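Take a look at the structures below.
Across the two complexes that follow, subunit A remains constant while its partner is subunit B and subsequently subunit C.
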Partner chain A sequence: MSKKVSKPGSMSRRRLLATAGAAIAASPLGASMLQAQQAPIRIGMSMPQTGGLAGGGKASLLGIEIWRDDINAKGGLLGRKVELVVYDDKSSASETPAIYSKLIDVDKVDLLFAPYATVPTAPIMPMVKQRGLLLIGNFSFQVNSKIGHDMWFNNAPWGPPDSWASSFLDIGQKAGGKSMALLAADQEFAQNLAKTAREVAGKRNLPIVFDQAYPPNTVEFSSIIRALKATKPDIVYVASYPPDSAGILRAVNEIGVGDSVKVFGGGMVGLQFGAVMENMGSLLNGVVNYNSWLPEKSMYFEGTREFFDKYTKRAVEAKVDPLGYYLAPFGYASGQLIEQAVKAVGSLDQKALAKYLRENTHKTIVGPIAFSPDGERKETAVLQAQFRGVVDKNMEQFRSAGKQVILFPENLKSGELVAPFEAARK
Partner chain B sequence: MFSLDLLLDAVVIGVLLGCFYGAVSLGLSVSFGLLDVPHVAHPAFLVLASYAVSFLNEQYAVDPLVAGLLITPVFFVLGLATYRLYYETFERRGSDAGVRGIAFFFGVAFIIEVLIILQFGVDQRSVTADYVGKAWRLGDIRIPYRLLVAFAVATGLTILLTLYLSRTFMGRAIRAVAQDQEALRLMGTNPVRIKQWAFGIATAVLGIAGALLVIVAPVDPTLDRAYIGRTFCVVVMAGLGSMSGTLVAAVILGVAESIVLTLFGASWAPAISFAMLLGVLAVRPQGLFGRR
Partner chain C sequence: MTRNGIAFWTGAAVFLAAVFAMTQLVGNQYPFFAGYVILQFVALAVAWSILGGYAGYVNFGTSAFFGVGVYASVFLVNAFGAPLPVQILTGAAIGALMGFALGLLTLRMQGIFFSIATIALTIIIETTITNWRYVGGAAGIQIQRPAVTAPFDNYVQMLFFVQALLVVLAVAISRYIQNSWIGRGLQALRDDELAAECTGVPTLRLKLLACVISGALMCAVGAPSAMYLQYADPAGAFNLNYSVSTLAMSLIGGTAHWSGPIVGAILLGTTQQLLTVTISSEVNVLVLGVMLVLFVVGAPEGIIGLIRKLRGKGKEGEA
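Moving on, here comes the complex of A and B:
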């Protein structure tokens, strides 16, 4: 066994290399050389790019991609480029467990983002918890409520579970509403919304006069709306998914919901997307619905405007939602969360990242984000906004303020409710 | 919550909805009912037609029904080509073609779906016309015009197809090929060409049915999956190959669905249609209007 002994006074080869390496790394040229040589940081996710959720999924992905390009232009994270590994989950809950297994075990990605929406996210939660991995949620609703994973952080503005229903019922009750009808799609997300709405109504002694779940793929809503109308509700809370929202509003326009209704809407997914809004046009008027971001003055933070400048250009070639208000800026914000956590922690240690995310407030283009122990926002930032003066077949109108008047939260409010619903539609 | 008003309304809407189901199933009644082709890509062609209609409507402001008529020749040719491809690659090669045929048509359906996504993106499409989004007031009942259009078109199509199959030479040949291919061959006729023609007709019908689909509700590229079950259910329940039977079966299905939706809750509606299918198959395996 031979032992290498470095002679005193002469520099060992290893030391020479290390010194030279440090010198190169310290120079600006060296930084980029080093970055190019180091393996990229890979963020894995599935995203609905076909199927019912694809409209949202593609916009969300574009938001994340814009963040990736921004961060790489700034030199990456920890001196490493950021790379996205993305699979299409076809909007299906049955696809995501296999995709995330592959991301973790075969692709061996460094970090995980959840797919857009509740339904595809729900089935991966147990696995992610079991493996003790950090997961940045993407607009799913209460998927962590039963799982209790302490490394889950949702980018969505939902906040405490009942705040969504509370804010809508507040508006309805202030307008004199004394009874509620509940129409919800028969799937995870909508049923979660309906459940909290029932609980909130129960606490407030608000009678529920109509409570129905309709199956996905329902073609025709005339019969359902007619049955709902017959119960003469004051507040109509609808939790629907994109393919059905349009069908429901069309039936409402044809059949009518009656003069008793003060507010209509609440949890209709789809009415946040440019193409759907353009298609529905004047049918939207009067509907009070949740939203995440709207082009009102109070909604601009550092980087928001720059983000939308980039998004608007890239959305055209990517054939995604030209407006992109609902999901895209939050996709970008997911990236910002990771960016700040990794920079602060200085490594990719998932536990340390989770600890940092839980304990700090993070600056993003959708405003400051702080998390409560369940990984949801500490305070709700869900908007309830009423469509006003919308005309048919015009996408550009939605870029100006005033088409969706914010009624909630108080600090962002930009107008008062017009009620009853039938009057607001005119 | 029961009232006579609601029941009456449910029946009226159900009849109209049933007619719509009938219209979108008629093509399948020819291709699957008469020709025994396991055409699971039928709803995909339907969605393709509705995209073509919505494109014509958006770009050139063509009325959706007129657009539906305009694309029927194209779909006829598409049908001829599809059957030829199916025949050459599958049907000609033996007895297990049925199962492999399903694989073929599933493949076709996926290709159509992806092509639509590549061309039009994933967003919902709809059409604008005077009869979309408005309703006819009949006393206390309000009936959406778009469902009335579906009703009129479905009845018209059924009458046309019934007349075509019973009065014209080609029509009778199609029914003959459905009953006994060998006998037709002995007569010196080429059954494959007749089947190809019939498949063309079945696909052409989809041009108008596609227009109805996008008139009744907005469409998205994957909507075909929702219609595979419904259309096959209607055709099998009717008894394979009966046009008027298809319409009646569809109306029964529509009324049942609508009544259940209105009076018992929407969750039960899909179960009802398939329970009825099972019931019919158990009691009358040849279908409501099928002959043994």
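Moving on, here comes the complex of A and C:
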């Protein structure tokens, strides 16, 4: 009997131990111990989700989120899950200093990504430099040239500042261009492009026969296009923003730019976004314009196709650009840069990560990336591509190769220029 | 000095002492970044209220004055490497001149026409700066901060303290105006400009004075902002958001008393900062909008007006 009694007694002792163990695990102390073992790696950033840059910002963020989900599905980084801490900067430079201070001082994130575009990024550059923090840039233009932060790495394909204008002028000059017309919006990015174009033209003794800046929000371009046409330029370099890009192409369609023009385009923002391209339709034909990624054969690297499969599905739900060629794959590539650096270094030591990023070439879904000392790409990977055979009101056509033929850079080239511009428009 | 005066200046001294102590004791930088923005809006709202509240001339040109302050600093830093006090004083001087010009406008325009003219002012100045390459033009400009001056060990902490000084200055001026003959004259001309003129109130002189003081203060507030951001672009510096927020803060707080804009700016400014780092999406714009509508419907004379109504007795004339 006593044995029988003692048996349940020992059982209950065991149960007591188990309960105590469970209680410790569930207590705040135990929980924090468990979390400490696998606290997530937090990547902080602001992203324009309202305001003028929101369209691009949201697409870019979706790219980063797809990377986060991929890496977490593979078990995370250093055995820890990856978590994003994202705030909306309202597309404004005045919001970002406080946001990044919150990320660094209050949230104490492990790594920082920059917001999409130059303006919101500019005010945080001195801050990250002062604190010695690694920052992965997101399509800002020459934001580090004055600051000289050696832990800045831009995911954009820009490369050296003058390469953009050089590549376009190369194409124009090869087609027999001997003079240039310059038309640029009075806004930050367009003016930066115009400035480098003037410098490159000056070096090459290429006369600028027309140089016009127009105020933002201009909608009617017929007088400007008439004045441009009257100067009979061979190369027309346009640096414009989405609403004006559409206005300029409409005016060109009505008035024409003359038979002298060999190439037209170069720095027109907006012609990379699905909705704008769908709206413009056949007006796009013949235009040679910059881009960052296009669905041409030469542009597919390891993981690119899988990325776009996921993006296309999630873009509908996230209500962002259905094509997403311009920014989203580069957001994913930002993540890949960090992934490779952290794996190689084996820790989150910012200095070591920066050293690794500076000294190596990194495989990403947008091709190999190597950085020069200023944190921009060593070589430009900005595409110059010509629109061909585009029909009206059809978004899906842009998913197939051949609609935007890559003329530059050489290693990614998928066709030859059709010139003059008037002939290419047909 | 009256009892109220002693209380006010004691309060101001305690506020400045607290701000100073905070810069010496708090290591975390975020409160200074967020606090700077809130203080900036307090000073702007108080300055706006001198013309918009007391005189009843609704000025949509806050962003014009603010932006000119920013670009005055950018120019001075670029050309001479001028220190912060020089930037603020020059900003104030330019703002006073601009205010004078704006005051002359009131000779011909009143009510809605004056307000529209102030929007035009913003656009004209922004276009000018956009085309002025020396200060960066449309592309914007990055500027480097000089070394920080003791006893501060961080530039943002110093800016936070400087902005607190500007707030005290603006509030002191606003309070003085309200309690002096200037305030009574402005109130008279707000109620009926013609009647005021007929009873011997020097309306033009008063309007000019209000414009000059309000303009100088708003420009002075803009000046340190260049150093805060270390970057300036016309679209940011002349953002209409400054005008709209300032106006909303003054109206929500109440324009009849000098403390109204302070209450409004602290409430709205803090909410904006909190929403940016909490909800942080399109929803925060909605929340602000709903808040505005609620206040306009529930408290048309602002929080100060609401408090007075709840107390059941007007305390006009006191401060």
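Rule of thumb we're sticking to: the second predicted complex is superposed on the first by the 389 of 426 C-alpha atoms of A that agree within 3 Å, B and C clash if a C-alpha of one lies under 4 Å from a C-alpha of the other, contacts with A are read in each partner's own complex, and residues count from 1 in each chain.
Simple rule for what comes next: a contact is a pair of C-beta atoms (placed from the backbone, for glycine too) under 8 Å apart; a residue touches a chain by one contact, two chains touch by 3 or more.
Bear in mind that the values here come from a model prediction, so they are computed numbers and not experimental data.
Student: Once the shared chain is lined up, is A:Y87 touching subunit B (first), subunit C (second), both, or neither of them?
Tutor: Second partner only.
Student: Given the touch rule stated above, what does A:V109 touch, subunit B (first), subunit C (second), both, or neither?
Tutor: Neither partner.
Student: Per the contact definition in the header, classify A:M125: touching subunit B only (first), subunit C only (second), both, or neither.
Tutor: second
Student: Where does A:I369 make contact in the superposed view: on subunit B (first), on subunit C (second), on both, or on neither?
Tutor: Once the two structures are laid over each other on A, A:I369 reaches no partner at all.
Student: Counting only touches as set out at the top, which of subunit B and subunit C does A:D186 meet: first, second, both, neither?
Tutor: Both partners, subunit B and subunit C.
Student: Looking at A:P215 after the superposition, I want to know if it touches subunit B, subunit C, both of them or none. Which is it: first, second, both, neither?
Tutor: After superposition on chain A, A:P215 lies in contact with both partners, subunit B and subunit C.
Student: Pick one for A:A201: touches subunit B only (first), subunit C only (second), both, or neither.
Tutor: neither
Student: Under the stated touch criterion, which partner chain does A:I255 make contact with: subunit B (first), subunit C (second), both, or neither?
Tutor: first
Student: For A:L323, decide between first (touching subunit B), second (touching subunit C), both and neither.
Tutor: In the superposition, A:L323 touches no partner, neither subunit B nor subunit C.
Student: Intersection of subunit A residues contacting subunit B with those contacting subunit C?
Tutor: 49-50, 186, 213, 215
Student: If we count contacts the way the header does, which residues on subunit B are in touch with subunit A in the complex?
Tutor: 1, 3, 5-6, 9-10, 13-14, 17, 20, 113-114, 117, 121-126, 128, 133-135, 142, 144, 147, 216-218, 220-223, 226, 258, 261-263, 265-267, 269-270
Student: Using the touch definition from the top, list the residues of subunit A that touch subunit C in their complex.
Tutor: 49-50, 86-88, 90, 92-95, 97-99, 101-102, 104-106, 118-119, 122-123, 125-126, 143, 146-147, 185-188, 190-192, 195, 213, 215-216
Student: Across the complex, what residues on subunit A touch subunit B?
Tutor: Those residues of subunit A that touch subunit B are 49-52, 54-55, 58, 91, 186, 210, 212-215, 217-220, 222-224, 226-227, 230-231, 242-243, 246-247, 250-251, 253-256, 273, 275-276, 279, 283, 319-321, 392-393.
Student: Could you please specify the touching residues of subunit C with respect to subunit A in the complex?
Tutor: Of all residues in subunit C, those touching subunit A are 28-30, 32-34, 37, 127, 130-131, 137-140, 142, 144-145, 156, 225, 228-231, 233, 235-236, 239, 241, 273, 276-277, 280-282, 284-285.
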